[in-house]
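The structure under discussion appears below in the form of structure tokens.
Here the chain labels run A, B, C and D in written order, and each chain numbers its own residues starting at 1.
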Amino acid sequence: MIFTSDNAFGVAPEILEAIAKANGGAVSSYGGDEITSRLQKRFADVFEREVAVFPVATGTAANALSLATLTPPYGAIFCHEDAHVNVDECGAPEMFSGGAKLVGLGGENGKIDAGGFAAALKGYRKDDVHQVQPACLTLTQSTEAGTVYTLAEITGLAALAHGRGLAVHMDGSRFANALVSVGSTPAEMTWKAGVDVLSFGATKNGALAAEAVVFFDPARAADFAFRRKRAGHLFSKMRFLSVQLDAYLDGDLWLRLARHANDMAAHLASGLQALDGAVLASPVEANEIFVRLPAATTSRLRKAGAAFHPWPKRGDGEGHGTVRLVTSFATRLSEVEAFLKAARG
Amino acid sequence: MIFTSDNAFGVAPEILEAIAKANGGAVSSYGGDEITSRLQKRFADVFEREVAVFPVATGTAANALSLATLTPPYGAIFCHEDAHVNVDECGAPEMFSGGAKLVGLGGENGKIDAGGFAAALKGYRKDDVHQVQPACLTLTQSTEAGTVYTLAEITGLAALAHGRGLAVHMDGSRFANALVSVGSTPAEMTWKAGVDVLSFGATKNGALAAEAVVFFDPARAADFAFRRKRAGHLFSKMRFLSVQLDAYLDGDLWLRLARHANDMAAHLASGLQALDGAVLASPVEANEIFVRLPAATTSRLRKAGAAFHPWPKRGDGEGHGTVRLVTSFATRLSEVEAFLKAARG
Amino acid sequence: MIFTSDNAFGVAPEILEAIAKANGGAVSSYGGDEITSRLQKRFADVFEREVAVFPVATGTAANALSLATLTPPYGAIFCHEDAHVNVDECGAPEMFSGGAKLVGLGGENGKIDAGGFAAALKGYRKDDVHQVQPACLTLTQSTEAGTVYTLAEITGLAALAHGRGLAVHMDGSRFANALVSVGSTPAEMTWKAGVDVLSFGATKNGALAAEAVVFFDPARAADFAFRRKRAGHLFSKMRFLSVQLDAYLDGDLWLRLARHANDMAAHLASGLQALDGAVLASPVEANEIFVRLPAATTSRLRKAGAAFHPWPKRGDGEGHGTVRLVTSFATRLSEVEAFLKAARG
Amino acid sequence: MIFTSDNAFGVAPEILEAIAKANGGAVSSYGGDEITSRLQKRFADVFEREVAVFPVATGTAANALSLATLTPPYGAIFCHEDAHVNVDECGAPEMFSGGAKLVGLGGENGKIDAGGFAAALKGYRKDDVHQVQPACLTLTQSTEAGTVYTLAEITGLAALAHGRGLAVHMDGSRFANALVSVGSTPAEMTWKAGVDVLSFGATKNGALAAEAVVFFDPARAADFAFRRKRAGHLFSKMRFLSVQLDAYLDGDLWLRLARHANDMAAHLASGLQALDGAVLASPVEANEIFVRLPAATTSRLRKAGAAFHPWPKRGDGEGHGTVRLVTSFATRLSEVEAFLKAARG
């Protein structure tokens, strides 16, 4: 009964097999191999347009390198105040950008409030050298609150950003979970809605360690390859990074894995809602549940061997009764039911 | 009737004369001159203890170099959300520190709320590598709202900071105005209250372009000189920077200049309070007034030739009727009275 | 007949199996797992002292993070002018350190000349703020010329460095090849000779993507974990990074793999030396051969299907007849013999 | 008899008077004043084309901010190995650029050798992500060896740079001395010869602390103002910085001051050449002399009260008998003659 995080789980068997299969013989290093080459095509197919794709091993690398490419050192990056880039990456975007400033915005259920964003933008004057200059908006999809932006919400926020000349980045460390939740195409949830660059996550959804930075306008990616190398994020044996993404997309594995995780979360949430005294902190739309539980319930669950984090995990981590439950591609229905049974006492 | 800013005014005659007088002959460059040497002693006398003093030409340099010395790249700097370092320096602290994060705190009248600061600190876990690490607290004295921290308030905030191992910096770009307002000694308002490093401003109060970074523990200044040089802030003809500070301190010129500016502000505020429809946005404790004026009053003042900024100046600068009035060492009583007369209509 | 690079080859079967075996169940993420924990002990055993060990995925990350930990932004890092950190990492050490300066030193056969290093150090005055300050010496072992520093050479260079207060880093991306070449213990080739921090490479010698940064004085590692996270180099599914190093050390696999690569290189070099017109550019002491070949020979080899790079690879890559041949853990004797046969014509 | 440096001297009386005269009344701060505005026109006249001009207070700031504007963080900046930016600015270009790499080139008499530069460029492959990318060439005029590039030399080097897409910067901290030496127009020595951005020095030649960064293509300056502010190099009382440059250009004061300094150097050099045992280390073409003197001569000079530095000043500063003599706008003929008399014994 492990609900601590989706990255507590290992690698999907299909991906592990693909890694093993990629091990035959010698190939060009640093991305000169065939598997890496065909990734461009694969992603172009998935996103229905030409893209520039760069595999990296971690979500922090994907986000920080993307943001640094879109933001000058004197730029401002707008994000939700609870965004991973703002509170969980130890200042990576600041480091990679040469000291840009993250501006945290409020908003219910982990989603940036459009009105608040518009108001914040009005606080900046173009060419006022005393102020950092708005350069980028980053949206987390699915959000840190386990919710999912609708296509209309993304479109609206992106329009505001573009109207002021900002680029739009999406932190998609749980992109697949959001996609199957929304039920749209990948294109609809990204460039068709105004997203310029996507951190396409795979690690949390079954890869060993693989994310792809996807530029929907390849011209914007001009210097990304230098930034990646300079940051130590170019793998010499790149095929083993690329093949994870290759297998992840193959036969829609990524969607199947995400659907399973989401289904487990929905099942779990539904059981919890029936529970006396349990209150969901935000709607459950992907694979994360934030729920306030009676102390006795939490205690009973711990005794039964369930693992999960009080939330917020940061700081004193008191959480005041709220806990986070994360399901993954590997979460079994029997675990969910055992959890609910223990919760019910 | 210029009330736009204290830096709209020129140089106090005593300081200009001192610059001219320093011009005789050849001396060692880069701070090897006699005037620079004797500054150490002068500041030690003013602050009643051994200090390490570094002249620089701008307040942004003083602040950003100080903060960079006190904060690692992965550090967090706590400041008031309206602090100059946070909103008016185009990301200088981020640049000089290698990407540290400024955490803006709330608080009435431009002063950091101690409870809010304590709560914010609880949000960080020591050794949680996902979070930037609390490293520094910076207080602006006098504040961006024209108020002044009491000694007790400084002592309380500094104690909270030190209790978590943070260093305490004071942005004293209007230090003299705060000092004559509080009526304490320089020592009492700084190291005796827990301040580790002070940006000692002189430019706004009559210097041409001179600030001093004062380390109350000289051991902490170990690498400051390298950071200053590397940032292009070491003057070759240093004597002309140092002599401004020398003349500024000489015969308590600095206190006289600040007292005059504060007196002009008090007089102006008192006249405004008697005015129908005028509402002070915060108490007037130094040389800045933030006041909401009826539109007719503002318009009458502009017609009469008064110069001042709507506030906040940032962004759309609408200010909704609030304006900022700054007095300086050079503001004349007759100007204040002319202003009040025009305001009364 | 692939002799382009050791990173053109895949993963040693033992390591791939260990990865697969680590895939069972859910574990703590970000290094909280058991495999990562036991690495500390394993490395302590290998190096015969308490150490602090940090796995990362690339050699550039290992080097740049190490150097940034040892060098302030205004510091100088001394290295061989041909060192990987200086010419093949796109400025990674400059980025991670916040702008430190790499000072390239000359020296035969890829080894820093002690006299040149001593002379370079004399060019810096302590406390001269106009100069970057000597902070670190980095040695590549085995070197970019395929040679290996003797223990006496390391000891001598490290003593020079320590005498001026510099830290000593070793870029051991081919550490195993050097070790079996020298025949010393790991301790003798590192901390006993004066090395403070080691980039312990595994990728080129059979890992998928794994290096370890080893601090011989754990106190020096105080902020490394923050720097690693902030750079996006902390893996969420860390077990899969750690297990590579675990399997690499297990039963001395690393030494066996390196010994094989070195043996293949020795055999190849010996065959080349017997060849008319072939001249070794430097002694063959590890798994790299730099050899000048007659144009006809090169052409014959290419026709026979041999793959290798002209050298230097950088820039115009003309190489003027010199080529680089790299053997690996996976190079087969039959390939070496086929190569020699083709070379002989 | 002070020949230590041109920045050991004070301020030209005309410039000091202009500062005093600028002190009347209140004006817009941060460069919104009239004097700063008219600088654009003044420089446009001097350089015979539209330019974008940014005053700063130090040469290190002018150089580092210029180079950072022209170079991405992963860029290479080519300079003479003895260039001030490379050895005397404590890594300022590295800091301001976010970690670009300075590549030192050789060349007689402080001038970059064109063949060496061309060869160095060939060492870089476009799109090789392992290498920093050539972005900028910087020339020091006059050079660190007291010589002056001819127009043909500048044109040749700039053409090489532009041919590879590099920008061309000129460090003109002694630009006036070079200009009167060459006898060309300012336009001929800069943009007509291929210079894109100039650090136009005034401090060494009689200003208090003032340099101008001049962009010959204003479009290139797009983000300079943000970089300047962010670095703490935007003066609030900007008029006092601008007026120095205004007075410096007024009535060709700058050329008169430089001509005097050069004349004094020529006179001194001519006297030294007649001296037994004195050997010039490089031609004397501006206001610096590098000369090897017999130990007895040096000793006699010191006894007579002459002040000068052994050279190189860096490091052990032994200089092996070579000394540097710098003349300035304020050097008197009588001092030169007294020096020569003492030298002759």
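Assume contacts are C-beta pairs under 8 Å (C-beta built on N, C-alpha and C of every residue); 3 or more make two chains touch, one makes a residue touch a chain.
Fair warning: this is a prediction, and the values are worked out from it, not measured in the lab.
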Between chain A and chain C, the fewest steps along chains that touch one another: 1
Chain at maximum distance from chain B, centres defined as averaged CA atoms: C
Intercentroid distance (Cα basis), chain D paired with chain C, Å: 41
Centroid spacing, where centroids are CA-atom means, of chain B and chain D in whole angstrom: 34
Where chain A and chain D are represented by their mean Cα positions, the distance between them in whole Å: 50
Multi-chain contact residues (two or more partners), chain B: 30, 73-74, 89-91, 95, 98, 129-130, 226, 229-230, 234
Chain C partner contacts - residues on chain D that touch it in the complex: 73-74, 87-91, 94-95, 97-102, 122-125, 128-132, 312, 314-317
Chain B contact footprint on chain C (complex, rising order): 30, 72-74, 98, 127, 129-130, 133, 223, 225-230, 234
Footprint of chain A on chain C - complex, ascending: 2, 4-5, 7-11, 16, 19-20, 22-30, 56-62, 64-65, 89-92, 95-96, 203-204, 208-209, 226, 229-237, 239-241, 307, 330
